[in-house]
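Look at the two complexes coming up: subunit A is in both, with subunit B in one and subunit C in the other.
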Partner chain A sequence: MQIMVCLKQILDPELPPRDFRLKQGEMAPVTEGIPLVMSSFDQNALEVGLQLREKMAGATLTAVTVGPEGASDVLRKALAVKADQAVRVPLEQDCKLSSRIVAVLLANAARQLRADLVLCGRQAGDWDGSQVGLTLAEELGWPCANLVTGIEPGPGGLVLRRELEEGYELIEGSAPLVAVVTNHETNVLRIAKVKDTMAAMRKKVEIFEPDGIKADLQGGGIELVSLEIPVKEVNCEIIPGEDGREKADNLIKRLLELKVL
Partner chain B sequence: MNFELDKELQFLKEMVRELVQEKVAPRAAEIDETDEYPWDIKEALAEHEILAMPFPEEYGGTGGKALPLVIATEEIAKVSCSVAMMLTGQCLGSAAIVIAGTEEQKQRFLPGLASGEKICAMALTEPNAGSDVSSVQCTAVREGDEYVLSGTKRFATFGNIADILTVVVKTVDKKTGEKKLSCFVVEKGEGLVVRNLEHKMGIRGTPTAELFFGNMRVPAENLLGAEGDGFKIVMQVLDKTRAEIAAQAVGLAQGALEYAVQYARDRVQFGSPIGKFQAIQMKLADMEMKTQAARYLTYAAADKYDHRAHDRGKFSAMAKTFASDVALEVTSEAIQVLGGYGYIKDYPVERMFRDAKIHQIYEGTNEIQRIIVARSLLGRGF
Partner chain C sequence: MSLVLTCLTDHEKLSRDSLEVLGAGKILAAELGARLAAAVIGAETGALCAAAGEYGASKIYSVQDDTLEQYYCEGYLAALEAVCRESEPAAVLFVTNTQGRELAPRLARRLGKAALVDCLNFSVNRETGCIIFTKPVFGGKAMAQAVLGGFPAVVALRRRSFEPAQPEQVEPEIIQVKPASIPPNPFKLIERVEEQQAGVRLEDARVVVSGGQGLGGPENFAMLEELASLLGGAVGASRVAVDSGWVSSSKQVGQTGKIVAPDIYLAVGISGACQHLAGCSGSKVIVAINTDPEAPIFGAARLGVVGDYRDILPPLIEKVKEIV
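Right, the complex of A and B next:
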């Protein structure tokens, strides 16, 4: 089985809000000097893929990303936890790159790799679009299972565990298939070992050229029309009073003055 | 000349950080409080091949280069110097074998250490021999195919739990009575007694043992190098491991600095975060400058060791001395930035300050290191 896992490089979500800035006159964040990491749900997808590969003799796992050369770092991380190969579809990344374009590029990569199973994270940790997995399945014409937390080999192909509000369900599926993965205690991405980490830098990242695809799709799908950092104004006022009752009375008076009540 | 770490080392740094955040950070305060060796963390370090880092690949290690070692050590020490010491201890205890061992000795001892299955330690210091290595009084007398070891060693880090010890003794020629400093690999067993464990102010959880060799019989093939090679081997070992001690110190300083910066952003006094006050800004700037300088000196020492540079000994002495002085100063200033909160155990800078002090003392006191540096300038006659 050929397993393909889609990975996105994003701004570190742990970044303090004060360090998040937008480029002057552009609808894109400043990335210079900001740590970039693998999107967290993609990490879950990668772990699900690694666990499945370990249970299926002969299975291989390919990590794929769409983005500029720097995005190869997420592929190196995948190689460090022993992905068999890595592919980058080179495209200058900006937030105007619609989910549909990414899905089309990933679908092309899946065809080129002759993938049987494509795994994606539930949503990117930066823009929370939740579009790529489903659009990719549509593009490939494959069935899609959503909110998957684990996959096991089964008698009929694959058994997928899906998280529900009050429990989980097991569903059977067979390749080809797209599975959109969500987080669970069983799919936290493993930490690499020293030798694998250092060897990952020496492994080759394949390049799949997007040849003309971006131009064909410009203007299609969802368009970003505005991007701003909200301005938060916080004014703190201490309500006076000798005791709780007096403070409560004063608070009500003040709220009435402000027309909150 | 490029002062940036190459991509491979950056990746290593991130990997170690990830491991440390997951496994070590939640336990750091507890290890200090209980003063118990964290076996679970030893397993995690072994599983992720951190403990394999001091060893060449042919013996199951990851390469044994000094620069990756100091980078990993620094990253661990940012969170727990005690855990960083677990890596340094594995390096210190095995370095004599790596440097002076025969192929047979390396094949016999190193793979078990590289896998982390076995722990090692170095037994050098004695009640009357610390900085003055040549006054070692422990003896080894040859009897047939064995040596008989006698005497007391002090301050052997991990000495009580080590499976393998490298021990520095004086071999005694029975006929002439001549004594030569020599180095042995000793496997724990009959004749080796742990007499006492020290109660230390810092790096708690790294047991420091007093060991007594009571006519312990050691096979003659466990002698490293030849009789009389001991001093040379010890000096070579310390040239390597001093850079790691420097890296521990840099990690401590960096950890304390980061905590102080975060605190200065969050702590509000007189209506402003204290980071807006120049008195605090000056402190943070000095802490950053000194830590960065210590880091580059440490990396230079490690790089020189890896390239067998002629002045590697001087650089490891300078790095260890400078970085340890910086660590004590920066951790102290971090406490000052936190004020009263810095002085209580609820905040990690108190532990970092206690951990920092030992770096001016172990692996050769800073006073001895300064003599090494001065003699490199003045010549051997001084």
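Right, the complex of A and C next:
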């Protein structure tokens, strides 16, 4: 079984709102001096892939990213938690909301790798497009399960645990397929050992040139017309009080005055 | 006359989600000078056709097939693709729920278009006729406006962004659509575990008491449960609390969890990441209890209590017992 996990490098989503700024006239955030990290749902997808590989003899896991050279950092992180292989599809531009472009490039990588299972995070923590995995499945013509939290080998193929609005379900499918992963207590990405992190620095990152499909990469059908930081006009009223009891009393009083209690 | 097609993924009865998409569809249809249409899918769609007509859909595309008795993505996609090819709508609207989230991008791709998911609003440019959609990005730290190239514009709207449609009886024209083929479900259901909800549904609750990292463990959620049940409310949680395994993921409030809009949203030990606030910003009054006066949650809360929740919640619970 060839498992391919799609990873995206993004601006650290933990960045406090006050430090989040936009470049003048560019419809893009300021990235200078801000840490870049692996998108969090992609971390969950990677963990799901690693756990599955451990349960399937002979399975290999390849981490793939689409992005500039610096994006290789997320691949090194994947190698540090023992991904077998890493591939970068070079792309300088930020596709922003045009997920289609990335889906086409990843589908191409999946074909080149002869992947049986492609794992993606449900949405990247930068543009929150929420569609790369789903459109990637369409590109490949493969079945796709959305909001998956874990995958196990089963008698008839793969058993996927999928989140529902209230609860979950177990479904069985056979490869090839795409699974779009969401967070769960069972798929928090493991922490790499220091020696593995060091070793990952020396490992090779394969490059898949997107040659043949470059012509396809214009626009992607979505035109971004503006990007703004919303102005928040909330003035928080701090409830006074010497101790917990007094604060609790004053809070109840204010809630009654505001007629919400 | 052009069409705004709303996709209703219910069986028998219209859910709040479907009423919201009909409500949004009505607004967009008025702006575009278009007709409001609905797509209904199932083994027996009669009741849904009637219900959609009662809420203002004047043209209803019905796909009736025994294989579509239960929702499954591949089947619904085939049905919706056939409806879109038949109706050639200007816009196709979904709600960003479990179904809309997966249907919108895949349907758009099949129609050779792009989609937008989790949109909050739209406006129509009178000169170009383009529909401009607003969507939060960067976990809610920024708002993007975007135009989808060509028609239809396929969009999933965030829950609770639009008022549900009001009843408005129209005599709908019902068109039966037969897809050329409906593929079987590529996945086999082994087991479905529906969580039994005690009390009110989180999304419908008038009061939501949510806990985050500051609670330090699952045991302390008991206090939140007590307060919530006294107020006839429900308990929610931040993503950290879910990832730590303290509460089930169905309690997660935020951009990728539940979207709630209660009268009171009490955030206990929650720092206030943008993606969390995206799930509760429609609340009437957000109350934050946090030890750190610098926590971002105070930037979003109407009322703030700086202090340890363990000192504040017990007297708060006592006080609530006195008044309710």
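Just so we're on the same page, the second predicted complex is superposed on the first by the 225 of 261 C-alpha atoms of A that agree within 3 Å, B and C clash if a C-alpha of one lies under 4 Å from a C-alpha of the other, contacts with A are read in each partner's own complex, and residues count from 1 in each chain.
As a convention for this text, a contact is a pair of C-beta atoms (placed from the backbone, for glycine too) under 8 Å apart; a residue touches a chain by one contact, two chains touch by 3 or more.
Just so we're clear, the structure is a prediction, and the values are computed from it rather than from any experiment.
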Partner chain(s) touched by A:Ile3 [first = subunit B, second = subunit C, both, neither]: neither
First, second, both or neither for A:Thr182, with subunit B first and subunit C second: second
Contacts of A:Thr197 with subunit B and subunit C, given as first, second, both or neither: first
Touched partner set for A:Arg76, first subunit B, second subunit C, both or neither: first
Which superposed partner A:Cys120 touches (first subunit B, second subunit C, both, neither): neither
Which partner reaches more residues of subunit A (counting touched residues only), subunit B or subunit C: C
Contacts of A:Glu138 with subunit B and subunit C, given as first, second, both or neither: second
Overlapping contact positions on subunit A, where the subunit C interface meets the subunit B interface: none
Sites on subunit A touched by subunit B in the complex: 76-77, 80, 191-195, 197-198, 200-202
In the complex, subunit B residues that touch subunit A: 7-8, 11-12, 15, 18-19, 22, 47-50, 52-53, 62-63, 68, 72
Footprint of subunit A on subunit C - complex, ascending: 73-74, 97-98, 101-102, 104-106, 108-110, 113-118, 132, 135-139, 141-150, 186-195, 197, 231, 239, 242-245, 249-250, 255-256, 263-264, 273-275, 284-288, 293, 296, 298-308, 311-316, 318-320, 323
Residues of subunit A touching subunit C in the complex: 11, 13-17, 20, 22, 27, 29, 41, 96-100, 122-123, 125-131, 134-135, 137-139, 143-147, 149, 156, 159-160, 163-173, 177, 180, 182-185, 188, 219-230, 232, 234, 236-239, 241, 243-245, 247-249, 251-252, 254-256, 258, 260-261
